[in-house]
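Pasting the structures in now, so scroll down.
Two complexes come next, and they have one chain in common, chain A, joined by chain B in the first and chain C in the second.
For the complex of A and B:
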C-alpha cells in the first residue's frame, strides 16, 4: 500500500490534468486551479526543505569540525543573517537586507561570477575552434560570423553581414533547435506517461 | 627554436588570453568610441509590437533573472519600460525568480516613479515574486488574483485602481518577458502564449537566444531582444542611448579580440601541421 497509494494518486491527478487541458468548462477549471494552487504551495515548501537541509548538513560538519568547516560556518552564518534581516526588516528598497546585504554584497559577487565567463569563453574559443575537420570549419566560421554580426561595426565590415547572421540564426540554427525541442518534448511526454502509469517509480524513493 | 615557439603559441597559457580580454573590455572605460548598433529585424519587431498597442494598454512584464545577469538584462528592462511608459501604456511588473524581487523593485521605482513621476497603483504596479514557476504562469491565466492576491508591498491588488478590473491574461495587451533561463521565455511559449492567446515578446541573455530563435521564426514570439546588443538596438529605436550603448564599445573590442584569438590559434595550428607533415 505504501507504493500503490502514491501511484494511484499520481494516476488520478495526472490523467485529470491532461483531460482538463481539453475541457475548458468552469467546473473543471476550478478544480484544476485548486490543484495548481496546491502545486504552488508544495513547490514553495521546497524552500523550507532546502533551508532545513542547509542547516542540518552544514551545521553537522561545523559541529564535528569536519573538512572545510570554516567555510560551512560562513555559509550558515550568512544564511541566518540574510534570512533574519529579510524576515524582520523586509526586502524592500531601503531595507538593510536589500541595500546593505543584497545590493552591496550579493549583487557584485554574482555579477563577478557571471562576468568571469567572458574570460573562460575566450580561452575555450582559442582552443576549441581549431579547424581539424570540415565540420569544425563550419562551426568556427559560423561562430566568427555571428560574433562579427553582433557588433555595431558589422555593416562597415560587410554590408550583407547582418543579413547573413540573421540567416544563420533563422535557418540552420532554428532547424537544429527545433529538432532538439521536438526530441526533448517527446522525451518529456514519454517520461510523463511512464510516471502517470506507474512504470517510472524512482520518484517514490528506494523504500 | 622556431619549433619551440610555435608549440608554445599553440598551447598558449590562458592567462595571456585573460589579460588580453581584461584589457579589451577595460579599454572603453578610458576611451569611448560611441559605436551605434544596427537594428536587427527581431528587435524592430519587438519595438513595433509595443508601438502598435492600443492607447493606455496594460502591459504585463515578467522580469526573470538574477543579479548575475543584471548587467546584461537590466539595460533592456529599462529601455523597454521607458518605451512602454512614453507610449502611455501601464506596466504591471512581477518576477518568477527568487533572487530578483528587490532588484526589479528598485529598477521599477527608478524608472516609473523617479524618472517619469508615475503614480503607483494607477500608472504602474509591482506584484513582486511568486514561487511556483509554470504553475504560476498557468494560474495567472485562470485568475490574476489567485496567483497574486497582494502586490509586493502587501496591498490587495483589488484595491489598486490599475488592477481592480484585471481578471487574467485577457486583461493585458501583451506579455513582455525578459529572462536569463528557467523559468522564462521557453516556459511562457509552452504554457501561456498559445493556450491563453496573449502576444508574447521576449528579451533574453545572448546565450539563450539561439534556442528562442526557433520560437521567433515560428511567430510564437512576436519580437526578440538579444542580450546587451538587443538593449543597445532598442535604445537606438527609442532614441534614448544609455548603458547598452556604453557597453557596445567593450563588447565590440571583446568580440574582436576573441575572433583574433580564434584566427591566431588556427594560423599556428596550420603552420605546425604543415611543419610536422
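For the complex of A and C:
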C-alpha cells in the first residue's frame, strides 16, 4: 500500500505519456490528455504546498522571535501582500500585483542578483583557476576571446575578431554542447525508464 | 506615484548591490522581500493559470466530477504535514514523477537525441567553403572549411571522452584528448558568454539607477 500503489501510479502515468507518442489513436490521446491535465493540477497543488511551507517555517520563527525574525517577518508580509493583491486583483498587465509589485520589486531585484553574479564568477575564477595544463590554457584563451569579441573595441583589436568569436560560439562550442546534450538525453531517457519501471524508487523515501 | 515605485526599485537595487561589499541588513531585507514576492507571484500564477481554468471551472461550471480525483490527489500532498499519514503524499508525488518521467523519455529522445544526431549527419567537407576561402582569404573563411568536420568527427571525439567501456590509452587516448579540447573550448566560451551577459545586465541596472531613477546621467 505504501510503496506498491505509488509505483503503480508512476507506471500508469509514465506509460501513457510514452504510448501516446507511439500510438496516436484518439482514445489513447484522450486518456493521456486527461492524465496530463490531472498532473498539471497536482503540480499546481505542489506550488501551494511550497508556499504553505514557506509561511509555516518563517511564521514559526517570527512567532518564537527566532534568529533573524524581522527579516522573516518582511518575507511573510511580502508574500501576503503579493498573494492578497494577486488573488483578488489578478496578475495580468495593468494589475497592482503585476505593475507595482512584480515590475518594481521582483524584476529589479532578480536582474540585479543575476548582474552581481558577474563579479562572483569572475572573482571565483580568479581565485580557483590556474593554468597548469594546456587544456586549462585552451579554456582560458577561449573565454578571453569570447569576452574580447563581444566588446565594442573588438573590431579595433583585430577586424576579424568578432567573426572568429562568432565561429567559436557556433562551431566548437556547439559541438561540445551537442555532445553534452546527447549524453544528458541518454541519461534522462535511462533514468525516466528506470523510474517508470519501478527500478529507481528513491523518490519514495526510506520508509 | 510612479516616482515612489521607481524609488522602491532603486533602493532595492542598491540593497542587492550592497552585498558586493559585505553581507548586511539591507541585503538581507531585500533578499527576504524578494523570496516573499517571488513565492507569492508563483502562488497567484498557479491559482489564475491552472487552478481556476483546469480545476475550478470544469468542476463547478461544467460539472466534471472526475476532476475531484486530481483535487483529492493534490490535497493529499498536504498529508506531509501529519506524521501518521504522511505516506499518502507519495501518491500525488508519483503522479508528478510518472508524468515527468514519461514526457522526459519522449521529449529527450525526439527533441534532443534524434535531432542532435541527425544534425551531425552531414558531409565532412563542403567544397563551397574552400571556394569561399580561395576567393576571399579571411581567417574566418579558413575556419569555415573545418566546420562540418568538427560537427561530425569532433562530435564523435567528444562523445568518446564520455565512453568509459574502453580504456583511453594508445591511439584512443588522442581521440579522447581531442574531445577534451573541444569541451574546454566550449566551457571557456560558455564562461565568457555568461560573464558578458551578466555585465550587460549590470549596465542595464546602472542605466536604471543613474538615468531612469536619479536622472543624473
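We adopt the following convention: the second predicted complex is superposed on the first by the 187 of 207 C-alpha atoms of A that agree within 3 Å, B and C clash if a C-alpha of one lies under 4 Å from a C-alpha of the other, contacts with A are read in each partner's own complex, and residues count from 1 in each chain.
Basically, a contact is a pair of C-beta atoms (placed from the backbone, for glycine too) under 8 Å apart; a residue touches a chain by one contact, two chains touch by 3 or more.
No experiment lies behind these values; they were computed from the predicted model shown.
Visitor: If you stack the two complexes on chain A, which partner ends up touching A:93: first (chain B), second (chain C), both, or neither?
Guide: The answer is first: A:93 touches chain B but not chain C.
Visitor: Quick check on the superposed pair: does A:10 touch chain B, chain C, both, or neither? Answer first, second, both or neither.
Guide: A:10 contacts chain C only, not chain B.
Visitor: On the A-aligned overlay, A:105 touches which partner chain: chain B = first, chain C = second, or both, or neither?
Guide: In the superposition, A:105 touches chain C alone.
Visitor: Between chain B (first) and chain C (second), which does A:154 come into contact with in this model arrangement: first, second, both, or neither?
Guide: first
Visitor: Looking at the overlay, does A:142 come into contact with chain B only (first), chain C only (second), both, or neither?
Guide: After superposition on chain A, A:142 lies in contact with chain C alone.
Visitor: Of the two partners chain B and chain C, which one touches more residues belonging to chain A?
Guide: C
Visitor: Contacts for A:52 in the overlay, against chain B (first) and chain C (second): which applies, first, second, both or neither?
Guide: So A:52 only meets chain C here.
Visitor: For A:118 in the superposed arrangement: first (chain B), second (chain C), both or neither?
Guide: Both chain B and chain C are touched by A:118.
Visitor: Thinking of the overlay built on chain A, is A:127 touched by chain B (first), by chain C (second), by both, or by neither?
Guide: first
Visitor: Just chain B (first), just chain C (second), both, or neither: which does A:29 touch?
Guide: first
Visitor: Taking the stated contact definition, name every residue in chain A that is touched by chain B in one complex and by chain C in the other, in rising order.
Guide: Of chain A, residues 21, 36-37, 39-40, 43-44, 47, 91, 97, 102, 106-107, 110-111, 113-115, 118-119, 121-122, 125, 140, 143-144, 147, 150-151, 166, 169, 173-174, 177-178, 181 contact chain B in one complex and chain C in the other.
Visitor: Spell out the part of chain B that touches chain A in their complex, as residue ranges.
Guide: Within the complex, chain B touches chain A at residues 12, 14, 17-18, 20-22, 25, 35-38, 40-41, 66-72, 98-99, 101-103, 105-106, 109, 130-133, 135-136, 138-139, 142-143, 146, 152-153, 195, 206, 209-211, 213-214, 216-217, 226, 229, 232, 248, 251-252, 254-259, 261-266, 269-270.
Visitor: Sort out for me which residues of chain A touch chain B in the complex.
Guide: Its residues touching chain B are 21, 29, 32-33, 36-37, 39-40, 43-44, 47, 91-93, 95, 97-98, 102-103, 106-107, 110-111, 113-115, 118-119, 121-123, 125-127, 129-132, 140, 143-144, 147-148, 150-155, 162, 165-166, 169-170, 173-174, 177-178, 181.
Visitor: Flag every residue of chain C that touches chain A in the complex, lowest number first.
Guide: Per the touch definition, chain C meets chain A at residues 5-6, 8-10, 12-13, 16-17, 19-20, 28-48, 50-51, 54-55, 66-67, 69-71, 73-75, 77-78, 80-81, 87, 90-99, 101-106, 108-110, 112-113, 116-117, 119-120, 138-140, 143-144, 146-147, 150-151, 154-155, 158-159, 161-162, 179-196, 198-199, 201-202, 204-205, 208.
Visitor: Give every residue of chain A touching chain C within the complex, in rising order.
Guide: Per the stated touch rule, the residues are 2-3, 5-7, 9-18, 21, 34-52, 54, 56, 68, 70-72, 74-83, 86-87, 90-91, 97, 100-102, 104-119, 121-122, 125, 135-136, 138-147, 150-151, 160, 163-164, 166-169, 171-186, 188-189, 191-193, 195-196, 203-205, 207.
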